[in-house]
Each structure stands twice: as C-alpha cells, then as structure tokens.
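As structure tokens, here come the structures.
Two complexes come next, and they have one chain in common, subunit A, joined by subunit B in the first and subunit C in the second.
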Partner chain A sequence: MTTKKSIISLANNGGIALYCLLVVFPMLAAFVYAFLYSFGVVGVFSEGVTVRHWAALFSSSELARSIGLSIVLAFFTTLLSVFIGLLTGLALHEHLRKGVFSTIAHIPLAIPPVVAAFAIIQLCSGSGFAARLLLACGVIGSLAEFPSLVHDTLGIGIVCAFTLTAAPFFALLFAALYESENVRHLEELAATLGASRLQRRWRVSIPLLVRRAGANITLLFVAVLGGYEIPLLLGLQSPQMLSVLAHRKYAMFDLAEKPQAFVLAVVYTALVMVLLVFFMKKKR
Partner chain B sequence: MFLHLHEISKSYPSQTSEAQHVLRSCSLSLEREATMSILGRSGCGKTTLLKIIAGLEQEDAGEIVLEGRRLNETPAEARHCVYLYQEPLLFPHLSVWENIAFGLRVRRLDSAELRERVSAMLHEIDLTAHAAKLPHELSGGQRQRVAFARAVVVRPTVLLLDEPFAALDSETRAAMQMLYKSLAAEHRITTLFVTHDLKEAMIMGDRVASMQSGVLRQYSSREEMLTAPELGLQREIDFWETFTLSKL
Partner chain C sequence: MNIQIRYFLFIAALFLASCTKPTREPEAAKQSWQAIEQSAKGATVRLMMWQGDPYINAYMKTYVVPEVQKRYGITLELLSGQGPQLVSLMASEREAGKTESSIDAMWINGETFYQLRQMSVLERFVERLPNAALIDFKNPFIGQDFQQTTDGYECPWGNVQMAIIYDTLRTPNPPRTRTALKEYVKAHPGRFTFDNFFTGMTFLKALLIDIAGGEAALQGAFKPELYEKHSRELWHYLRELKPHLWKQGRVFPSGVAEMHQLFVAGELDFTMSNNDGEVDNKVLQGLFPKSARAFVLDGGTIQNSHYMGIPANSAHKDAAMVVVNFLISPEAQLRKFNPEIWGDGTVLAMDKLSAEWREKFATIPTRRYSPRREDIQSKALKELAPEYMIRLFADFRKEIIEQ
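Here is the complex of A and B:
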C-alpha cells in the first residue's frame, strides 16, 4: 500500500516537474528575456538599463490606440460569440448533442483563423460575394457603395472573423452545459415558482451557463486580445492590434525599434495577468 | 372539492408499436389544507401525475380542476402549483437568500415585503446565519430546507412533493418530515406528497392513495387502507406484532 502511494506521489511530483520544465520555465524565461530586452539590458544594441524604449512607446499615441483597439475588438468579439452561442445552444441543445446539427456545429472548430479571415475577404470585401450579390439584385449601384469589412476603420471584419470561429464552440459548450448542469429541471422548477419563459432564461439559464463558461469566455477574450493572423489580414495599417504592432516593431528594418516589440510583449502579458487575477478573484 | 382530478390519462410512444400507458384514468379529490400521500413503487406513474398537475407535462385526456377552475390549458407559471424534485434542486448561482426570494422576485413583489417574508422564512427554517451561502456550501438537509422555504414563501395553491426525502439519511429524514408538517400547518398548505415508503405515507398524509401501473386508488378511511392488499399495511402490522412478541 505504502509502495503504491509512493509511486502515485512520485508520478504526481514528476508530472508537476515536467510541466514546470516544459511549460512554466520556458514561458517565464521568455518573459524575463522580453522584460530585460525592453529595458535595454540584453539585445543586439544593448546599452545598459534604460527606460528610453518604454518612454518612446508610451509618448506616442500608437500604443494607447493599439491597446484600446485590441480591448474593444476582443470585448465585442467575446460579447457577440457568447450571445450567438447562447442563442444557438439554448435553442438547439437537443440537436447539438448528435446528428446533422452537431456535425455542422463542429466543422467551424477545425477552421484555422487564417481561413476565417480569407472567408471574410471572399464574402465581405468591396469586390466580394456579398457586394456582387447586392449589385446583381440592384440594392447597390456600384461595388464602391458596398461597406467593405476588409481593412474597415471599425474593425467589424476582424470581429466577424473571430466570431465565425468562436461562436460554434460556445454553442456546443452551452448545449453540453445545459445537459450537465440540469438546466431543464431548473427551468421547470422556476416555471412552477411563477417565472415566465423570459424570466426563466434571464434569471436561471443565462446567468448559470455564462457563469459556468466563465473560464472559456476569459480565454477567448485573451486569445482575441493577442490574435495575429486575422487582424493582420483584415485590419488597418494604423491603429493595429497588439500582436500585429509587436511583430511590426520586431521585424522592422530599423533594429533600434526592436526593444519596443518587447515592451509591447510585456504590456500584453501584464494585461492578461491582470485579467486572470481579476477572473480568479471573482471565481473565488 | 379544492383539487379534483378527473380521469387523467397519459401514455408515451414506445419502441414497440403499442404505446406505454403511464396513467390510466386517474381520479382524486383533495380538500383545502390537507395533505395526500400517494404511495407507489418507482416507475408507477407518480411523478408523471405530479408533473401534469404542475403543468410540466401535458395529459392526453382528463380534467384538472383547482378551486373550481379548469387548469388544463393554464401554463405552469400561472398555476401556482409548486413542484419539488426528489433532490433539493436549488439554483446553484444564487445564494440561499436569493433562492428563497426567487418566486417573490419574479412576481415583482415590493422590496420591503420581499425582505420581510424571506427573513421570516429563513428564521423559520433556522438558516438565517447561512443566508449568504451558495447551495454547494450547505448540507443535504439544509438544501432541502431551503427548497421547502423557497416553495412555501410564495404561498402556493398546491405543493407537489416528489419523494423529497428519498436522498436523506433516516435521522435527517425524520427531522424534515417534522419540519414539513409544521410548515404545512403554519402556512395552511394543500399538498400532494409522493413516496414509496409506507410509513412515510402514513406519517405525512391526512389522506392516502396508492398507485400501481398507472392506476390510482384513493382510500376514504383507515379501515379501507387496512384491507387493501396493494398497500400491505396489514402485513406490516402483523410483522411488527410477531417481531415484538418474539423479542419479548
């Protein structure tokens, strides 16, 4: 018995050690490297400790606009994905467990972000399918009249592409939670307590499902905040989302601006950490 | 009669060509403020009957009359018949306080009256100190008390209890039976109480009915119960008499 316990304990500790070695340590090392690079301690043109790169980035409006854009687009993508996921998950929860609907809902999960971005380009650009269809139907007089979602100033195309990949996931998640959390019985109970259909949804199903999916919702927000391919293909040149801006700074011809990419990486990590701490506190 | 069921029938489609008859022309009558125990084995149709009264299942035939009003077409939320599941099904995202207040909030009760009624109910079930806790922080007995309080606080016309003590240990079960009886007397509740336990049926009910394979039989007197073979009450009495005598 003691030997079995020792083996289990060893396996657990070994697992933790392996996780730390393969995941935590490289991440931590990368963060420390980025942090030191951003202060000029390491790097090709290392010049000793300096806040010059932080000051340069913070003195221009580029960083604030990039953070603002990233947060706003991540917020609307999360909101829209959860909203569509809830509507679909609640309406089709029985069909989403198996059968044709389930297969259809699973397909978008396999679509890489770059394909979603190309889909938006094909569908919603100035010369895309939707524009040509509207032109053929006489709704618009010329292709130029179509409000293109590619490189649009409001970032609607980016939100649509991210939502295209995330909403089906949430529909499936909410459908699964509907079953596992006994929501049908809770709704029935609420009905006998006098709750109307709308009150049952608003006071029971939705808060319960959203609360249970809290970790996934936070992760989607973080993923969109740091998303790269979709904003690269569909976004404007300025302002750019955080990852696109960081990569531009990193790959610029002027190597002197490279440390600013690491400043951005540190800022992004800090943002995510604040978000995670806030989520964990709320969960507790 | 306060509650009257007239020839309620219900069947479900089955894998074979023949439909599965769950309820066969079930009739019962219950006067105001009384508790009727319905005794029956698992799968005999007791839960379906309660759900039909609550408006959660649709009957195939028959009539439900409550206070002289036909209920068949009334939606569940307008029937004022609160249904309690076997397990104490509390809203997991709401505190004890909010669980009890739920039925009053959906009725948009004045906030002062709501506070007063919820506080009084919490005091009555002796859980005032646990008002801010979430359901997963309570014991099984405490959760069942909250479920009762949440049902009673809305002053239901009929309370439908579907084996509410089945999951509790014998000591908690006895305590809950006493609590229910005192709440029922205090708030003058009319109740249909479903159980598979003969002793519990006798303790809880002013009236007793039994259900077998979808057929409901209501007993009008204790003598009728004693002679009903499906209840097995006489067998139970004989057993305990023999058991007691042999032990003495």
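Here is the complex of A and C:
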C-alpha cells in the first residue's frame, strides 16, 4: 500500500516538477530577461542601467494607443464570438452533437489565424471576391467604392478574422454545455413556473452558459489581446496592436529601439496578469 | 506569442552556449583554395535570404542548390529572412553568447551591412575567393555599398536599378518628374502608393536626391543638417500627396509582392521594383500583362548592388566561401543575368572575362519589356550613406504614417 501511495505521490510531484521545468521556468526566465533588458541591464548595445527606454515608450502616445486598440478589438471580438456562439449553439445544439452539421462546425476549429486573415483578404479586400461580385452586379460603380476590410480604420477586418476562428468553438462549447449542464431541464422548470420563451433564454440559459464558459471567454480575450498574425496582415501601420508593435520595436532598423520591445513585453505580461487575477477573484 | 518563443530561444541559447566549449577552427586565410574546397566537402551551409520572388527562389533551389551539391558536396539550405531580421538575429546571438552562428551566409547590402559591421559580426573573406578577381570593383555602383567601402566583408552578387512599373494600356503617359507625379496623384486619387520597406524607401531616397538638387549634394558621409533641411521638403511633398494616395495614405503596402498584387488586381496604376529587369521576369511568370513597362524618373533612381556576407562565427566558413565563389562564377552570373531566369545585373567586369564568356553575356536573350540598361544608366543615382535609410525609415513613420 505504502509503495503504491509513494509511487502515486512521486508521479504527481514528478508531473508538477516537469510542468515547472518546461512551462513555469522558461516563462519566468523570459520575463526576468525582458525585465532586465528593458532597464538596460543586458543587451548588446546596453550602456548601463537606465529608465530611458521606459520613459521613451511612455512619453509617446504609441503605447497608449496600442493598448487601447488591443483592448477595444479584443472586447468586440469576444462579444461577437460569444454572441454568434450562443445564437448558433442554442439554435443547433441537437445537430451540433453529431452528424453532418457537427462535422461542418468542427472544420473551422482547424483554421490557423493566418488562413483566417487571408480569407478576409480574398473575400473583403478592395479587389476581393465581394468587391468584384458587387461591381459585376452594378451595386458599386468602381472597386474603390467597396469598403475594404483590409487595413480598415476601425479594425473591423481584424475583429471578423478573429471571430471566424473563435465563434465556431463557442458554438460547439455552448452546445456541449447545454447538454452537460441540463439546461433543457432548467428551461422546462422555468416554463412550468410561467417564464416565457424569451425569459427562459435571457434569465436562465444564457447567464448559466456564459458563466460556465467564463474561463474560455477570458482566454479568448487574452489571446486576441496578444494576437500577432491577423493584425499584422489586416491592421493599420499606426496604431498597431501590442504584438505587432512589440515585434516592430524588436526587429526594425533602429537597434536602439530594441529595449522598448522588452518594455512592451513586460507591460503586456503585467496587463494579462491583472486581467487573470481580476477574473479569478470574481469567480471566487 | 512570437516574442515569447524568442525569449525562450534566448534562454535556451544561453544554456547551450554555457555548455559547449568554443572551438577554434583552422585559420582559413592560410589555406590554399584547394584545401578550402577539400575541407568544405560534406558541410551544410545555411543561407538566409529574401524569398519573396518565385524566379529568385527557383534559381536558388533548382540551380544553385543542386550544383553546389554536385560540384563540391555541399548541402545548401535556404532560410527566409532579410535586412532588419538578420540584424536582430545577429544581435540576439551575440547577446546569448552563441559561439556558433545559426546561419553561414546571408544576402545583404546597405544599412544591413552597416549595422552588422558596427556589431563586428562579419567575416573578411572576399580576397580569398578566386572568382573575386573577375568582379568590377572599380565600378562605384558595385565596389561601394551605400558610400561605404566593402573592405572584403561582403561579396558583390548582383546589381540593379530601381524602376517604376506601369501598364501602357491603362496609363499611356506616366508622370516622369516629381511635379508631374504630384499632379497625376491628385488627378487619380487612390491609384498611387509605395511600400514601406526597402523599395518604397529607395523611392523616397530618389525623391530626396531630386529635392536636394542632384546626386552631388548628398554625397559622402551622413550630414544631419543636410538631411534635416531636405527631408523637411520631402515630408511636405508627401503630406500634400497623402490624402490622394491609396487608402488615403493611412496604410502602405508591406512590400513589393503586395504592391504587385494590387497593381495586377487593378487597385493601383503603378508598382515598383528595385530590379530594373523585373517586368520581363513578371510577364514571363504570367503575373504582369504584356503591356506592362518600366521607367525611371527624370531625376534619376538609385542603382545599387546586393551582396553576400558570412558571419564571423559561422561554423562552416570554408563551405560558405565555396558557395559564394560559385555564385560569382561566370556560369552562375550568366544564368542569373538571363531575364527568363531572374534578370539580375551581373557584378563581373566584362573586360576581365575570357572572350568566350564575354560573347555569352553579349548574346543572352535580351529584355523584352524592361528598359535597357544603356538607356537608364545615365539616370542612375549612387546610394546615400546608410544613416539616410535608417532615418528615412524612422521619420517616414513619424512624419507620414502617424500623422
């Protein structure tokens, strides 16, 4: 008995150790490195400890605009994905469990962000499929009249591409939760207590499903916040979302700006940590 | 995500660097070329280069890679990356204390060369290449890279001149001067732009030289006061154009490949290329219509060369040198010169070649759609000091994109 127990505890501890070694340690080391780099402690052109890079980044409007843009686009992507997910998940939950619909719904899960961005370029750019179709139908007089979603000022293209990758996941998630959380029974119960169809959805099913999917919703928000490929391909050159800005500072011509990339990395990590802690507290 | 992976690589590299002992390789300078070829046998050379053109990629993959394997037993691996990526990779490797670079050769020029030299990460090797004797180093467009002497730290590979590309059916009379361009852009809103990478900045340099009153004004080392003075007028000019540019100048294409697509799709009236032979190459690929042509501005466009460099801490310097020596051989240069293969200008001096090779260079199928070199050579401008490019990149963002 004791040997079995000790083997189990060893396996558990081993698992934790492996997790720390492969996940926690590299992340922590990277964070410390970024932190040191941002203050000029390390780096090939470092001239000693300085707060110059922090001051440079915080004194320009670039950082604030980038954070603002990232948060706004992440918010709208999350809102739209959850909305579409609820709509389709609730309407089709029986079909989404198995059969043709389920297969179709699973396909978009395999779409990488780059492909989603290219889909938007193919369909919704100024010379894309939609623009040509509308031109051929005479809806628009020239290609230039089409409101292109590539590099658009409001970031609609970015939100659409991210939603394309996230909404199908939420549809499947909500459909699965609908079954596993016995939402149907709760709805029926609400119905016997006199709730209307709309009330059942708004007061019973949706709050329950959204609360259950809370962790996933937060993760989607964080993923969009740090997304790289989609804003790189579809975004403006100013302002840029956080990862795109960080990579530009990291690998653009002026080597003197490189430490600012690490300032951004530290700021981004702090932002995500605050978000996660806030969410955890709320959940408790 | 991307950044995090890079951090991780930093850390991993740090560990690896501390685990392996630095090994000193035999001093290559003392070896004869034969011995170098001998020691190169069986090595793998990792070459980092821009891979944004199908013809260039095909030249490398279907000709250079198999040839160096067959002739010298060298496995050549091509990696994608250019300019700033290379500089940041080399900087990261130094920061991580790597004693052995992850690449053995790289395609560079201008400000990339300048920054790599500043970091002292380049090997001096060109004098050792037998074929270097054939290079036209006396030509200032080849022997000098952005006003810098190359000093054997990079080997000329090809020579090109920037040209503006248009469709004769759509735009029979393209604007050829700075003033005419402004009028054209105002009359055709949304139909003109330039990319915010190498080619676009090279275009801006030509405008800057034109504004400064010609090539002579900005020759030599970088002078901040001259740059300030003339660039102010350049930004003024561009701000006047901005509302009439593609997407109202809020965004610029990320490179020539994107510009070409927009041109072909009909969104733009013009695209550009740093290669004066580009139109032939792209018509043959079926990308451009046969009515596409190229021209250079009356004020001139930049002609420059591109080079091959070898990192000082490459583990396969001998093999890298053998590859570069092959790239500047008459045979490889001739093939690259052919507009049906790539259409890149040669860096070899015709008077140093044997009569047989001279004849071959003279009789190669000529360009059909691109301007002839003889016709644009008189409008060739020499590159400016690298700081101009670095400043233009940064200030273009500040003065135009972020406005």
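Basically, the second predicted complex is superposed on the first by the 284 of 284 C-alpha atoms of A that agree within 3 Å, B and C clash if a C-alpha of one lies under 4 Å from a C-alpha of the other, contacts with A are read in each partner's own complex, and residues count from 1 in each chain.
Convention: contacts are C-beta pairs under 8 Å (C-beta built on N, C-alpha and C of every residue); 3 or more make two chains touch, one makes a residue touch a chain.
Quantities reported herein were computed from a predicted structural model and do not represent experimental measurements.
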First, second, both or neither for A:196, with subunit B first and subunit C second: first
Touched partner set for A:153, first subunit B, second subunit C, both or neither: second
Partner chain(s) touched by A:24 [first = subunit B, second = subunit C, both, neither]: neither
Partner chain(s) touched by A:277 [first = subunit B, second = subunit C, both, neither]: neither
Subunit A: partner with more touched residues, subunit B or subunit C: C
Partner chain(s) touched by A:208 [first = subunit B, second = subunit C, both, neither]: first
Touched partner set for A:16, first subunit B, second subunit C, both or neither: neither
Contacts of A:181 with subunit B and subunit C, given as first, second, both or neither: first
Partner chain(s) touched by A:126 [first = subunit B, second = subunit C, both, neither]: second
Complex contacts: residues of subunit C adjacent to subunit A: 1-4, 6-8, 10-12, 83-85, 87-88, 91, 94-95, 111, 115, 119, 190, 196, 247, 250-252, 262, 265-267, 389-390, 393-394, 397, 401-402
In the complex with subunit A, residue positions of subunit B that touch it: 54-56, 75-85, 89, 91-93, 102-103, 105-107, 150-151, 154, 160
Residue numbers on subunit A that touch subunit B, as the complex places them: 181-182, 185-186, 188-196, 199, 203-204, 207-208, 211
Interfacial residue positions of subunit A with respect to subunit C in the complex: 26-27, 29-31, 33-34, 42-45, 62, 126-127, 143-144, 148, 151, 153, 226, 228, 236-238, 243, 246-247, 250-255, 258, 261, 265
